[in-house]
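Starting off with a structure, shown below.
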Amino acid sequence: MSFDVNFILRNLPVFLEGLTVTVQISALAIAFSLIWGLVVVIARLSRVKALRGLAAAYVELVRNTPVLVQMYFIFFGSAVAGYPISGFMAGLIALSAQNGGYVAEIYRAGIQSISQRQVEAGMALGMQGRQVFSIVVLPQAIRRVIPPISNQGIVIIKDTALVSTLSVAEMTYHARLLTDRTAAAYEVFFTLALFYLLVTTVFSGVMRLLEWRLRVAQ
Amino acid sequence: MFDILIANGHLLLAGAVVTLYLSAGAAAMAAVLGAGLALLQLFAFWPLRLLVEAYLYIMRGVPLLVLLFAMYYMLPYAGVNVNPTAGGMVVIALYFSAFMSEVFRGAILAVPKGQWDAARALGMFGRTMMVIVVAPQALRLAGPPFVNTCIMLVKGTSLVSIIGLLEVTMAGRQIVERTLAPFQIFTGVAVIYFLICYSLSVYGRYLERRTSYVH
Amino acid sequence: MSTKPNPTPAIAVDGVSKWFGKLKVLDEVSTAVAPGEAVVVIGPSGSGKTTLLRCINLLEEFQEGEIRIDGEPIGYSGSGGQRIRRPEREVARMRAQLGMVFQSFNLFPHMNVLKNVMVAPVRIKGVPRKEAEAIAVDLLERVGLGDKLASMPAKLSGGQQQRVAIARALAMNPELMLFDEPTSALDPELVGEVLGVMRQLVEEGMTMVIVTHEMQFAREVAHRVVFMAEGKIVEQGPPDDLFGNPQSERLQTFLKRFREGYMI
C-alpha cells in the first residue's frame, strides 16, 4: 500500500470544514464548562447544607458516568419526549455538564490551596470576607487553576469527537465518511490525528501563554 | 415506571460483564505499559526518551475514538484480522498508558529526595535502589491517581460501542432502538457505570487516607 | 624517610571547587582527615559545609579537584587533566564504605526499624540474613533501641529515628562516618541522646566528619574543628585554639553571634 499525499491535499477542504465545527463545539463547550463549573463550585462551597450536598452529588454523578451515555440520554431522550434537539446541542450540553463538574473541582482545589495565612493577612489589613476573596484569594487561585483547566480543555477538545456519533459533521464524522467512500484509511486517519494534535497543541500553547502573562503581571 | 428496564436488565448486565473484563484487561496492560514508559521517560538515554515523549504527545493529543477508528479501519486494509474485542482492549490500553505513565512518573518524582540520598549513601544504585527504596514508596503514592485513571478508563470503554462491540453502552443502544425507552435504559446504563466507578473512587479515597500518614 | 607519623589519610580533599550554576559554593577547599580523627565542621549557613560533606561521598558532583578515600579517588578518575566520571557501580561500592547520617534522618518509611538497619548489608554486601540480623539487633541495642525492632519509623520520635539512622549506617561496617547536621531537626530535649551516641563513636576511634551547630559538642568531643565561610576553609585547628583564640575576624564574629544566641 502507498501513502497518497495528493489525496490529503485534494480533500483538505473537507477536513477544514470539519475543523471549523470541531473548533466551534470545543470553544462553546469549554466556555460553558467554565461558567457551569463556577455555578457548581459556588453551590459546593455555599453555607446552605442542602445546596452543598446537591452540588457534591452532582459532581459524583457526572464524574462516574461516561459522557457518551450522557449524550445518548439527552439526544434520544429529548427525541422521545417530543422536544428533539440537535446532535450538536445534545453534545454541547453533555460535554458542558460533565466537564463543568470537573472544572468545579479544579476551582475548589484552587481556592482551597490558598493558605489560611493569606486570608488572615488580608483580614489583618482590614479587609472583609468578600474583599479578602476577591482581592487576595481569587487572583492567586486563578493563576493556579490554569494548568489543570488547560488539561481539562484538552479532554473536552478530544471528547468532541464523540458527537460524530450523533451525526454532527465535525472532523471525525467527515473522516469516517471519507474512509467509507474512498477506502483511503491511512491517509484519512493520519490527517485526522494531525488536525487534532494541531488543535490541542495550539490550545495548550495559548493557555501556557496566559499563565505566563498572569505570572508576569503579578 | 422502570418496567422496560427491568424486562431488559439481563441484557444490560451481560453487557456490563463485557465492560468489566474489557476494563480490567485494558487497565492491567495500561499500568504495565505506563510504568515502563515512566521509567524510560525518567531514566532512558535521550533518543529513547525523545521517542517516548513523542508517543505520549500523540496519545494525549488525539481522541481515543480516533485511535479506535484508526484500528478498526486501518488494520483490515493492512490485511490484519483483529478480533474487535482484543483490538479495542489494546487501543484503550495504549491510550491510557500515556496517562498511567504520568501517574507513575509523578509518584516516582514525589518520593522525597532524602530517600534517594539515603539509598545512595548506603551504596545502592540503579535497579537495586528502585526495587528496595523507590518503587515501594512510589507505588503507594501512585495509588489514588492510579484509581482515578482507572475510572477514566472504565468510562472510556464506552467508546468501543461505536466500533460495534457489545458492551453495556451498546447493549443499551440496541435495547433503546427496539423499545424506544431511552430514559429508562440509559438511566440503567448510567447506574451500572456509576456503581463500577463510584466503588473505585471510594477505594481511591481510602488509599488517599492511608497514604497520608506514611511520610 | 621522614619520621612524620602520617599514613594515608582516611579522607583527602584536594583543591575541590564546585559551582551551582554561576555561584561558586566550594572554593578550592583542601583538608585531610586522619584515621580515627573526629573533625567537626562549623560555619554560617550557606558556607558550603553541607555541600563539602555531600561531595565526600559524591551525593554532589564537584567540578574541580579531587577527593580520595584511603588514597582512592572517589567519583572521578583521570590523568593529564582529563576528568572522567567513574561508573555508578564503582561510586556505589565506595559509598558503601562510608556511613552517612542526614539532618532529616531519611529512614525508609516502608520498613520497620530492624529492616531499615538490615537491608543494606543483606542487599548490597550480601551478608547472610541471620548474621545481618544479629549485627542489626546488636547495633540497635547499642543505640538504646533494642525494644523498637518491629516499630515503623513514623511511630518513633526524632531522636529515636536519628539513632536508628546511625545504626543503619554503622551496619555497613563503614571505615568512616559523615554526619550532616544530625541534630538540627530535633526538638531540644532530644538532641542529647543523639550526641551521646556520637560521642561514644568518637571514643571508640571511629573516623568522623560532623557538620553541626552544636558548639559545646564540638568543643568537648572534636579532635579538630574546621571553620568554613563562603565556600572556603577560613580557619582550622584544635577546638581549644579555635574557640579560645579565634584568629580571623570572621570566626570571631561567628562565635560572638553564637554566644549572643543568634540562630545561624
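Lettered A, B and C in written order, each chain numbered from 1.
Quick note on the criterion: contacts are C-beta pairs under 8 Å (C-beta built on N, C-alpha and C of every residue); 3 or more make two chains touch, one makes a residue touch a chain.
Since this is a predicted model, take the numbers as computed values, not measurements.
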Overall pattern in which the protein chains touch one another (line/ring/star/complete/other): line
Taking each chain's C-alpha mean as its centre, the one farthest from subunit A: C
Interface with the most contact pairs, given as the two chains involved: A-B
Distance from subunit C to subunit B - Cα centre to Cα centre, in angstrom: 46
Distance from subunit C to subunit A - Cα centre to Cα centre, in angstrom: 53
Between subunit B and subunit A, distance of the C-alpha-averaged centres to the nearest whole Å: 20
Multi-chain contact residues (two or more partners), subunit B: none
Touching residues on subunit C, where the partner in the complex is subunit B: 57, 59, 88-89, 91-93, 95-100, 102, 104-110, 119-120, 123-125, 154, 165, 168-169, 172
Contacting residues of subunit A [partner subunit B, same complex]: 1, 60-61, 63-70, 72-73, 76-77, 79-81, 154, 158-162, 164-165, 172, 175-176, 179, 183, 185-186, 188-189, 192-193, 196-197, 200-201
Residues of subunit B defined as touching subunit C within the complex: 112, 114-115, 117-118, 120-126, 128, 132-133, 136-137, 140, 213-215
Subunit B residues touching subunit A - in the complex, by the definition given at the top: 57-58, 60-66, 69-70, 73-74, 77-78, 151, 155-156, 158-159, 161-162, 169, 172-173, 176, 180-183, 186-187, 189-190, 193-194, 197-198, 201
